[in-house]
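Below you'll find the structure, written out as structure tokens, and then a few comments.
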Amino acid sequence: MSQGKVLLSVQDLVISYGNIKAVKGISFEVYEGEIVTLIGANGAGKSSTLRGISGIVPYKGTITFEGKDLKSIPADKIVAMGIAQVPEGRGIFGNLTVMENLKLATWSRKDKQEIPKDYQRVFDIFPRLSERQGQLGGTLSGGEQQMLAVGRALMSRGRMMLLDEPSMGLAPVLVREIFTVLREINQSGTTILLVEQNANMALRVANRGYVLETGTIAHTGTGLELLGNPRVKEAYLGG
Amino acid sequence: MTYLFQQVLNALQLGSIYALIALGYTMVYGILTMINFAHGDLFMLGAFFCFLAATFLHLPFIPTLLIAMIGVAIVGVLIERFAYKPLRQAPRVSAIITALGVGIFLENFTLVFAPYPQSVPTLIKNTTWVIGGVSISSLQLIIIALSIVLMILLDFIVRKTMVGMAMRAISWDKAIVPLMGIPLDLVISATFALGTSLGGAAGVMYALAFPVIDPYMGVLIGWKAFIAAVVGGIGNIRGAMIGGFILGGVEILVAAFLPSTYRDFVAFTLLLVLLIFRPYGILGKPRPQKV
Amino acid sequence: MTNQPSSIKNWIERLGALWEKIVSNRKLLPILLVVGLLFSFAIPQFGLLNQYVVLIMIYVGINIILSTSLNLINGYMGEFSVGHAGFMAVGAYVSAILTTKVIPANLAPWLFPLVVIAGGVGAGLIGILVAVPSFKTRGDYLAIVTLAFLMIVKSVIENIEAIGGPRGIPGVTLLTTLPWTFIWVVITVWVIRNFVYSNFGRGVLSIREDEIASDLMSVNSRQVKMLAFVISSFFAGVAGALFAHVLQFISPRVFDIVKSTDILIMVYLGGIGSIAGSILGAVIFTILLEVLRPLGMWRMVLMPLVLVILMIYRPRGIMGLREFRWFVPGYDLFASKIWRKKKEAKDASAS
Amino acid sequence: GGGGGDATIKVGVVAELTGDIPAVGASCKNAAEMAVQQINDAGGLDVGGKKYKVELFIEDNAGKADQSASAAQKLITQQNVVAIIGPNASRYAIPASEIAESSKVVLISPWSTNPKTTLNANTNESKRYVFRAAFIDPFQGRVVAKFALDNLKAKKAAVLYDVASEYNKGIAEFFKSTYEENGGTIVAFETYTTGDKDFSAQLTKIKDAGPEVIFLPNYYSEVPLQIQQAHRLGIDVPFLGSDSWGSTELITLCGADCEGYYFSTHYAADAATPVATKFIDAYKVKYGSTPDDVAALTFDSFGLLWQALQTAGKVDREAVRDALAKIPKYEGVTGNMSFTEGSGDPIKSAVILQVKGDKFVWFANANP
Amino acid sequence: MLLQAKEVTHYFGGLCAVSNFNLDLEPHELVGIIGPNGAGKTTVFNLITGVYKASRGSIKIDGVELVGKTPNQITALGIARTFQNIRLFKDLSVLDNVRIANYSQTKYNPVEALFHLGRYDAEEKRMAEHAMDLLAVFKLQDYADEASKNLPYGLQRRLEIARALATNPKILLLDEPAAGMNPNEIGQLMEFIGWIRKEFDLTIILIEHQMRLVMGICERLKVLDFGATLAEGLPKEIQNNPKVMEAYLGEGGDL
């Protein structure tokens, strides 16, 4: 994969919650047009890293997007700059309908006339959402909620999408579908930073991957390299 | 028959006043899921702003109303910033208790400057028409109309607009809202300003209908509006309206047809029974949750 | 000793450490109880402290009973009851009627413990009525139920001419003494602590955390709620009885929503889910009110400000969800350690 | 016990500065400060040939019964006052009076009208140390009832009162019983609860009952709303009130709506004695408003205390009590009063005033 | 037969979330329920445990009807569960989380509890020891006094199972126990489930989307789709069932 320009760069990122240091000085970058995956055990600090990028937790270190330092930019402006996140646990607004959840994600979009097309795109990818437009988010099944969360990120039309375990709790057929969709989204120009437990799948779609272990980066390489790395295999791919 | 009509009209007026205050209550509740126990006292401030503007600046009705609404909104936003915002991550009751404290503070602070009840000058010429033995006053009609208009307006904002959606989203999960590109603090402040200015407006209307005001006037009515909001289904705009009318209706009609000594007893027992049969209020639903 | 501030800080830290040591030393508790009881007799007997201080101490005691019992509902169970003054009213009226109308005056001092219990039982029975709606509804809706209950109690008393209506009952005998207050405080704290550290009490806690999960872990939430409400209202009734017999006058106005909010403030100021918190909350609130007297009208302006600032810095109250070791039963405190020791012993003997 | 050994006399006041009736507390505080200032400006109070300065301690009871007791207790034990003036409302005066009685310190409540304030509820005998400056509910209820029957010739009356407040309820009931005993009929006896501002339901009911006069034994801050709402409903019979109307604020709040109505009270400003005129003028200068009944009664409570101190000839709690209990005649702002041993209630007469323009005008004397 | 569900049907408003669900469970079986998202799997658990009352049909354990009973009664009859989204008592200690689950088996009454009389001491000791033993089995004993919210995610999942077992169940319902685990951890979980089943003599119903786990340990599978039963049988049969492949598994089975 030929490398374009650096879109997102994370340098010496440190995130702590009170006395707990969740991320202990990691650095990595994401090039324009890539899919990069972060894998690692529970509690390794993957989600915290994503939260730091989106500006919803304070951090030490530098994060730049298109060369701009994100530190002093509030979370909502970061979204407007083009970083969308599918948060861990989906973050669906349970008291809003499916349609309203999607609509809300267009808050900072300027290209209002493009929005209907994007709804159509989301409903094409997830026909189930189209059936459930009027249902309250809180009563959707786990998988339906995950679709909605991804759909919502699509609606905000970021240049970059951060996904936190999008395959969690999904039926196999949907997992495959999600990964296919991710590839599609990526091919249509969105850079993706993907956090996954399903390391097999993640490394297969990713251009590059980083393995986090208790707050630091333990391994890095292309997706295929990591898939073949015996230490990675043993710890994350189930032998 | 005239008697009944008159009493129904009385009930409508009282109900619309309760509704007017309950609207602001429900509005703030709707976003922060926090009972703003200071709302009754912001309502009182509204009445006092009205008094000051009308007595010392000799302003007519509309400017007075605006001044009161803006004044109360500013106080409301300040309170939000300094007393409630630091508690966003804290348990819900902490903010409720803080609100209680803020309310007591507002009452007694006002009291230091106004230990005696004050009389509010007439801003709207109040004509009374007698139709078939039933008296209707213009003020009554204005209050009823105002509360209905505000209810429809708010209902529209909350249900149909983007801002309204954002408000509802905030009530569900504040943490996720910024990830949608929504400026959380701004929306919260805006809602707070809106909700409290409604309280201010209610204060003005109340001061015109009952032109004797004092620093504690918001306490009892604040609790009653809270009851109205909850009976209707707290967080629900239409519910607040219905709750207000139910409470007003029950109070008036019990006093009208039973010995008035028993009014509170019967009225509150009825409300209790109502809540036993509709545990989440008339229009309220328990927060949908999946197990 | 070179720079002043750090040595002050040092002292504060040392004092803090000492305090920490005291409250976690469980052996001190029985000593404190005995000394407290002795003093509660000695103070009025020998006039060690003046009447005013004694009166305030009695108020503090009554407020401890109120805040500890309300904490059971609002702190441990996570509900929001605003009707505690109502239960207090029931206890006060039942006991005052007994001492003024039923029991001959010369017997009253002897029967006072029974009178207080009767007040508690009266309130406890009413507590059942409020527990029933709590099966179905929660949170703000239950808050309204308790508020309505409070209004109903007030209205009922106002309408019964035989017990004075709005004029209340004057001339209630002064029977609440410092020793009695002390004893009732100890009983209240002891019983509520016992309850909290039983599986019923843990059920109360689990309802606060997650009612559905708690039901699915076999907790009989109706039973638990019923118990919590009855116990809480019983002690509110006890406090009401003591209150009536120190104030010597009760009227429905005494038990209005303001009284309820005072108790709420004590509970949340001290800290939810904590007996130590309830005690601290009651002590601080009551004493602060008296200490700030010289401020005149500004007192009631300053009090709520203090509350707000405290809540901002300590959102769960001073002792929220924490406890002095004094109030934790020994076995509960060391359960895991005891188990580990036992296991080690077993392993050792096995090998 | 002894009150103050130096050349000062310590006097305590317990008032409702905050809480549900702050206006009452404010007037009480104003009058108290004025009474003390007058004495001190004149070089002090002459007791037993010695000039004493008066030191005043004002405690807020926050509109709470328990704080009334603790405030009184504090004044007695910490400040060592010779006597306590206040609290005003009976629901606060009663618990404070229990403290005063057991501590053997004189307590004069300016404004408490519940007969039980000065009575030991168990023995029904008078408390030894508790006095008041106001007349009691039964007296006033009777006065107004007689006035309605005899002067207004009204045979059908309606009453609207606050059921949650002992003062209003007390007078309302004594009015009712006297009125009915003397041949009148009560066609409506309606209630509301403290804090209510909407009385339309009750007034509609009253209108339906067709009374010839309506009695409103309620606070001056509520009465204007009641009368205005009644007028809006088309009720046009005369209204009657009690001493709680007695603040010129009533006229400010009521505007023209109260014109021509009557109420019973302690004194008439226009037909005032020199004592009253002097007080009213001084009060106006100092506070910029006409004193209400609470202020006048508080001032008289202090006057009673000064007279008792002077009669006693020494600053001693017990001596003050003895002197106070037998005051043969005290010329007060609210009229002449006297006490007889065995009762803490003053013997005084009432007047009926009428609202005329922006003044209360003397209409009749009333001695039931 | 241990558990028997007959024609169980449930509606949410107009939506039929579960229709005519049948299940016969013999003691000691390990049955898997799979199906697309929103098929109604969790709802089945909710119906069995009494969170929702079945609109129609009957569910019996040892011949005792469960429909109409409250969740705590049903749990006391021997059915315990975990949740798709962890629902621990967050602020309570790990030990308390487990002790609470002993509620229906507590042998002292409220009066004994209030005054710490009678059986209180002995029972408290028994419950604490029982809970600690259980925690030890799950290697959680060192966290006993820690608030459960402070546990890492993986341990929270384990604690949930421990808590469920503390109710002393005959049947354990596991709702997506492998969610959020990497393939390596899933392997360990499989062994673990097999082991507790033997150790505690359990009958298990398992909902899962991780095919490796489902195919690896379930003896029997039920496949739900749109609330209805799409297929049932041995894992091998299901894996090759074209209807299941289309609705659920997708092409190729290398997950």
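All chains are identified by letter, namely A, B, C, D and E, in their written order; residue positions are counted from 1 within each chain.
In this text, contacts are C-beta pairs under 8 Å (C-beta built on N, C-alpha and C of every residue); 3 or more make two chains touch, one makes a residue touch a chain.
Note that the coordinates shown come from a computational prediction; the quantities given were computed from them, not determined experimentally.
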item	value
Topological distance between chain D and chain E, in contact steps	2
Those chains which touch chain E and also touch chain C	B
Chain whose Cα centroid lies at the greatest distance from that of chain A	D
Inter-centroid spacing, chain D versus chain A (mean Cα positions, whole Å)	75
Cα-centroid distance, chain B relative to chain E, in whole angstrom	46
Chain B and chain D: spacing of chain centres that average the CA atoms, whole Å	36
For chain A paired with chain E, centre-to-centre distance based on mean C-alpha positions, whole Å	31
Numbers and ranges of chain D residues touching at least 2 other chains	17-18, 163
Multi-chain contact sites of chain A, meaning residues that touch two or more partners	139, 141
Per-residue multi-chain contacts in chain B, two or more chains	108, 111, 115, 219, 261, 263-264, 289-291
Interchain pairs in contact, sorted by label	A-B, A-E, B-C, B-D, B-E, C-D, C-E
In the complex with chain B, residue positions of chain D that touch it	17-18, 20, 22-23, 25-26, 163, 190-198, 200-202, 204-205, 208, 221-222, 224-225, 228, 232-234, 249, 252-253, 255
Complex interface listing, chain B residues touching chain D	3, 6-7, 10-11, 13-14, 17, 108, 111, 115-117, 119, 126, 128, 130, 135, 137, 206, 209-212, 214-217, 219-221, 251-253, 255-256, 260-261, 263-264
Contact footprint of chain A on chain E as seen in their complex	12, 34-39, 42, 84-85, 152-154, 176, 179-187, 209, 211-212, 247-251, 255
In the complex with chain B, residue positions of chain E that touch it	42, 46, 51, 83-85
Chain E partner contacts - residues on chain B that touch it in the complex	290-291
